[in-house]
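Labels for the chains are A, B, C and D, by order of writing; each one numbers its residues from 1.
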Amino acid sequence: MMVSQSELVKEARENGMDLLPLDKDTYELFFGPQHMATENFSIILKMDGHRVVKAIANPGFLHRGFEKLAELRPWHTNIALLLRICVPEPDVPEAIYSMAVDEIIGWELPERAQWIRTTVLEMARVSAYLFWIMGLSFKLGVYTAGQWAAAYRERLMALFEQLTGARVYHIYTIPGGVRRDIPNDAWLRRLRDTVEYIKGKLPDFDHLVFENYITFRRMEGIGVMDKKFALAEGVTGPNIRATGVPYDVRRADPYLLYPELDFEIPVLEDGDALARALVRRYELEQDLYILEQLLEMGPPDGPYKVQDPKLKNLPRFKVPAGDAFAHVESTKGDFGAYVVSDGRNKPYRVQIRGPSIAHGIRVLEQLLVGARIADVPVILMSLDNCPPDIDR
Amino acid sequence: MVDWRLFEPLFDFARRKSLWIVAFCTGCGGIEMPPLMTSRYDLERFGMMPNPAPRMADLFLITGYVTPKTLKRIIITYEMQPDPKYVMAHGSCPLNGGIYWDAYNAIKHLDRYLPVDVIIAGCMPRPEAVMDGINKIMEMIENGTADGWKRYKENYEYYKKNQDELFGEGWREREARRWIPWLMNRKKEE
Amino acid sequence: MREQAIIDGILTEAPYAEGKVRRERRVEFKVPADRIRDFLKLLREKGFELMLQITVVDWPKDGEYELVYQMWSIEHRTHAMVRTRIPRELDKARMPTVRDIYPVAETYERDAHDFFGVYFEGNEKMEMPWILDDTEQGLFPYRKDFDMLAYVKKKYMILDRFDENKDNYVI
Amino acid sequence: MVVVVETALKAVLILLYATFVGFMFMGIIRIVTARIHRRVGPPIYQPILDTIKLLSKKSNITHGLIYDFGIIYALGATILALMFIPLGSIGILRMYGDLILITFLLEIPMLGIMFAAMSSGNPWAGLGSQRALLTLLAIQVPLGFAIVALAESYGTFSTYQIVMAQQSMGWSIIHLPLLLAAVAYDLVLQAMFGKEPFDIMIAPGEISLGPMVEFGGKHMGILQIQHAIALFAETLFFSNIFLGGAVITSFASPVLNTLASLGVLLIKQIAVLMIAIFMGAIFPRFTIDQAARFYWKWPTIIAATGAILAAL
């Protein structure tokens, strides 16, 4: 029995089979969430051969409604919740939330607490950069560099564990200081050793990844953005510094001990994936340098959290009505928190501003147009897109 | 014909010693996967490796909390895996919601929607705990109690009912069509 | 003071707005909702290039949503909050979009629409699926009157008990 | 009759040996890579366990005749190629082992896998096949020049005669033209092994294994066996034509001679493998157009220089 083509098409339509192809010469490709290059983040690509014609970012796989949950939990309990927003460097959400609460209450942090918070933030930055090197080299195919970077990160994890008691989710920075003191001087010595060790290993990464001919070929001229585009799209962090804007929250809006520290802000002009990668590479060096300075300075004497009777009775801990915005420089960019209090023992509203909400949606969608399928993971990784930031 | 049942112990040994993992980071536990794969913990000693293709994979690691949007993909990916397949859930979130017990967008009981073989306690579980869970699943394969894939077949109505209750009927088709209008060139369509 | 000078410079051109200095590097403006586009255009000209976020705060007591546009100026190294208030009722919670002034606002507006139901007129992607799944769309979970526990118990079947007729969930 | 049985027996023995050693090679690749990563790595027999596991999967997904046939086609072509390559003093069809024929047969399996992958309809498989085809196209040029260099230099296309000639005049790579050809061929080998920088075809971080994405269960198991044999055959071919092969006649007993030549060949094969592993460990992956441009540039120039020098 012969069936005409139109009948077949009709039958297929009725059974919902007309999904592919979209147009005559394009097809749709679901890039993620089950994919090595995306961490539970999906990009829907309209492809023409191996070129991307249109990209739509589809976030929301990690959405848990943090901002609602934070309204239902006491001020200090929220620390254990909000740090889950940024998995590679969970100290950043802790720090911004604590800084915002400190500002509403009007606490001046003791110097020791400031030193510890700065050190923890810098350690988080180093570990996040190592994690990023791992991600980048896995996507480029230099598995050796990635494996080594993840192994060096373990040393920092061990230090975090000694300091806070946890490997990944530290729940360490609390409003009014930190949760507990530095264990002993041996920890400081170990931190110094680790910084020296990682510093000594940086040339390895240079040889394998950042000075590699093929890396240059792969990343040069891919995903180019210029200054104007970057500013309009709210790009922050290393991504905007790769376009020639020297914007670093640590300098522009100094917090904690950063005014006293000496460090450079690496700025490149090109704005392509390679420039973004190199800016991150230089920043890793600067972060190690900052850690060295902090160790040189040594933790000041004094209490490690604010001496306030309020902190004695945490369940009844109340914050006066008011609001505050605090932001820090994370490895991904400008990480901000806006906290509103109405005087009760729970926050009225907490809004976390992850940098990836700017990088991962509109910027990504526009940079991907015209890219080859092989460039998609590279662009994704060079933007250092962190899906939980977007989804919250 | 050869009676392949004779070789079942050998097959079970091979299944135990060569668990390939689906590369699908479903939650925060995914951040402990790189340390597990690298020199500190090195899961490849046990023959495990991440695999990008679900068709070849045996072990599904649900690394942390599951949102309904992810659960749809998890179910589809799980159904793509060939039998014998095993599911291991990380942390307390897939078990009972954990810290997200009152969150409107996190699954509270994963075993309503998928058969889970092993659940590792902790938030988030340390790599050692994950390795302990893997040991457990290896033991279970050896004595034949890791039968989640059988249960999924036998009780498919139950699982399907729960899935449909959560997502609404016909969610697979809806999900497949969802992005078409946004990908289409609208001018052409009109 | 540097901050006061910035505020004065802006307020002379925008007499409809109020401004005050919060602290060093933090300023705040209050703008009526219908002038928000003019004001943000002015802010952009005055060097506030980065839009960091649009925060919506729900105030059921006043029956209003407070929209806070978080801006950052690289030139002045100053953070500015632009506050505006709109009615809270879903059909009246409408704002003009600022996506042509700050393109990134498109994403933030989609976010606000998904969680609060604020409709930004002129944003093409308003109806596009965003973070929330089909079943939660139209729920606006971040509103203060959203009873999360009841919703969760019903959706994920964590039931305490049934009522006597066995058809209602009693929570 | 006896000859037929003996030949069949020999073929089966060669096949078993090749499969076993191929699996060991896969294990060696994984272990050495792990050691470079500063890990312990899996046991050396891990690929065998993987294959057994894949073959013992209880459900199989098939997408039709071509899908099943492509895999068998790949396996068959690889076995056929193996039979033509001289393995020391044994080898069934070694007398007919023509350079061009073997090169061709070693590339055929990729085509079979592509048939199967395309018929699955998975877009990743489609993309991967597109890449595999382009890689296949790109490696032809340097490969052709390398073979021309060999043929010019030895005056024959027969692999067996090339091996024999090397016994008297030394390994191929000590002559400059053939050294150039060997370098070009080794770069091509990197693509045939699917190691970086030319693992463009499978690229797990980009197109999630490409053509392999849809294979599971028994299909993948057969592909693993095919991969093992192909690994053996490719290294064997390289050691035969460039590294002198092995024809050992110093022992009185023919069995000892065979074993010794197998041992010598094994060492040479592992050397070839190690070069590939080390190269793979330090390079990122090219994109497909860059790889094609690379193959049409440097290896082609090197191999062509070799061919011209050989002809002079």
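The rule is short, and it goes like this: a contact is a pair of C-beta atoms (placed from the backbone, for glycine too) under 8 Å apart; a residue touches a chain by one contact, two chains touch by 3 or more.
Predicted model, so just to flag it, every value in this text is computed and none were measured.
*Asks:* Have a look at A-D versus B-C and report the one with more C-beta pairs in contact.
*Replies:* A-D
*Asks:* If you average the CA atoms of chain B and of chain C, how far apart do the two points sit, in angstrom?
*Replies:* Their C-alpha centroids are separated by 37 Å.
*Asks:* Using mean C-alpha positions as chain centres, tell me how far chain A is from chain D in Å, no decimals.
*Replies:* Chain centres of chain A and chain D, defined by C-alpha means, are spaced 43 Å apart.
*Asks:* Could you give the separation in Å between the centres of chain A and chain C, each centre being the mean of its C-alpha atoms?
*Replies:* Computed from C-alpha means, the inter-chain centre distance equals 23 Å.
*Asks:* Mind checking the centre-to-centre distance between chain C and chain D? Centres are C-alpha means, answer in whole Å.
*Replies:* Their C-alpha centroids are separated by 61 Å.
*Asks:* Please set out, as single numbers or ranges, the residues of chain A touching at least two other chains.
*Replies:* Answer for chain A, listing residues that touch two or more other chains: 35-36, 56, 58, 60, 63, 65, 68, 72, 147, 151.
*Asks:* Where in chain C do residues touch two or more other chains at once?
*Replies:* Those would be 128-129, 132-133, 141, 148.
*Asks:* Give the residues of chain D that touch two or more other chains, as numbers and ranges in rising order.
*Replies:* Chain D, residues with two or more chain partners: 37-39, 204-205, 208.
*Asks:* Which chains touch, pair by pair?
*Replies:* Result of the pairwise touch check is A-B, A-C, A-D, B-C, B-D.
*Asks:* Using the touch definition up top, name the residues of chain D that touch chain B in the complex.
*Replies:* 30, 34, 37-43, 46, 49-50, 52-54, 56-61, 204-205, 208-209, 212-217, 220
*Asks:* For chain B, which residues are in contact with chain A within the complex?
*Replies:* 22-28, 30-32, 34-35, 37-40, 50, 52, 54, 65, 67, 69-70, 73, 77, 99-100, 102-106, 123-124, 126, 173, 176-177, 179-180, 182-185, 188
*Asks:* Could you list, by residue number, the parts of chain C that touch chain B in their complex?
*Replies:* Of all residues in chain C, those touching chain B are 128-129, 132-136, 139, 141, 148-149, 151-152, 155-158.
*Asks:* For a test of understanding, state which residues of chain B touch chain C in their complex under the given definition.
*Replies:* 67-69, 97, 102-105, 107-109, 112, 165-168, 171, 174, 178-179, 182
*Asks:* Note which residues of chain C are touching chain A in the complex, please.
*Replies:* Listed in rising order, the residues are 25-26, 49-53, 55, 57-58, 68, 70, 72, 74, 77, 79, 81, 102-104, 106-108, 111, 115, 128-133, 141-142, 146, 148.
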